[in-house]
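Naming follows writing order (A, B, C and D), and every chain is counted from residue 1.
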């Protein structure tokens, strides 16, 4: 049996709740640096990963140009397995852009509903799940949230519950 | 495309560092209840899972009879996707027993090097990864640690570093 | 030597950042229940305390009538040592009201800059300090933040740094 | 009113559960560096403190010579307010040595039942309480645990419950 283990995984960081921090002076959430490296360290992860921050934004502010930028980076990447951390608000929208443009890679979007820095975050679990799926799913674009994977053309974020669901 | 998402995953708990707690009176680690349900809740997991505790032991104490018991439960389970939480010390040994006996299911072993209760544990990450792999790998018996998956006949735990490695 | 240890301490909860929680759906902070009991449990506290929630508000919204209500509860309390958890925004203002009205009790205000639920909070440290000071300072009204104690007529919150300081 | 706030507090670290870490390879607890600086930072503490590590040991292993060393450092310190972090096992014994030898300082012993690194520790609460008591109690030697303070000649650690109690 051939192992995927020696394949490097590309990680693109775009921001989202995942990486938000709490400013105790003005009581708002803000972005500083990504927490991905410390999350992989905490998970004692030994998969070779290459992490690059493309942007640090709330996905509700993401523009079409920024979506194109993400797509371009995915196309140019030498790795054919890619994880993208992304705000949950417009994750499906960005995934649909990539679904159109990229056919020969396995691309997994993931994010979090609670910032990693808050301690009680779903982020570490989601990152583990994303890493599992990205190494074993066939080429395609996927959303990995709540322990599940979805294809972007058949899912939405339920804004009432915060869970991702299939479209009936 | 057919979703695996509606498939229930069976979880068998056998103990291991994953579920150890700290006794502040005698400063030893001990077992009480499994933390799996709160870990799935923290991960905001929406995959239907059915958790059953088979035993709560340090895997260095696990007997052949107990390994047979685990195998038997896997065979009898109606689910064909199973996660087993297990101490890392003899995880490979138990996985080899199952590899002999069970051919038509996807069985993933996972564990942790640091107890979940200690806060800075690799457990939540490993559980996420296990859930990703168990939903997407073909039938077989696997070990999921450090973000990677291994087959039991080709891996060992490096007792110096605590990482799992392929046998050259 | 006479111990204060058998004296019950009265705790009045008024809200503030201390007790805020994160709503992962709308990404706002909100109030549910006070975390004081679990904080005392985590601290393995054995001082007899009686916790009562008077209100659950952001102190920037606190009215004069609510300040009077707090003063009234302090006066009526049978305990003469009282801790009040309070938002830091107007903590000094409320303390000044109590300074005018209550002379024969030791009253300590404390709060937090980061919600307890975020894990990396100053709340547990502040609560410990407040409990230390309330048991050993003479009658008076005090603010305990940043490991220090202040009298309300001689301190302010530096809104730039979030630290409490003496007025020069 | 005169503030104690500008007085520097001396902190002597001697080890104890407070500073123990978990070795995930051999599953034992061990000492590396003290966590006091990060604990003060988490508590947003602004009291001037000077932290010195005298030893890093389990207090059950502490010798008479080491107790004398601690006493000597307390006597020589220019500060007259001192916190000593110490294992709970023989905290009372060391405190009794200092009670004999040092009369003109306020010395507070504190410790923890759960290592700070485990996340769910009583350490941060105890440190806050110790800082409150050390700034407000008269000269003497005290033990601060469980939110309370004790004099060393009138307390013991209940080894069944892990709580400190007065001798009847």
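Keep in mind that, in the parts below, a contact is a pair of C-beta atoms (placed from the backbone, for glycine too) under 8 Å apart; a residue touches a chain by one contact, two chains touch by 3 or more.
As the structure is a computational prediction, the values presented were derived from the model and not from experiment.
Taking each chain's centre as the mean of its CA atoms, B is the chain most distant from chain C.
Shared numbers divided by all numbers used gives the overlap of an interface; between chain A and chain B this overlap exceeds half, so the copies present the same residues.
A comparison of the A-C and C-D interfaces places the larger number of contacting C-beta pairs at C-D. Remark: chain A and chain D have CA centroids separated by 45 Å (rounded to whole angstrom). Chain centres here are Cα means. That of chain C falls 25 Å from that of chain D.
Chain A and chain C have Cα centroids separated by 40 Å. Of all residues in chain A, those that touch two or more other chains are 113, 119-120, 162.
Across the complex, chain A meets chain B through its residues 1, 3, 5, 39-40, 42-47, 113, 119-122, 124-137, 144-151, 154, 162-164, 166.
For chain D in complex with chain B, the residues that touch the partner chain are 17, 22, 24-25, 27, 29, 113-115, 117-120, 159-162.
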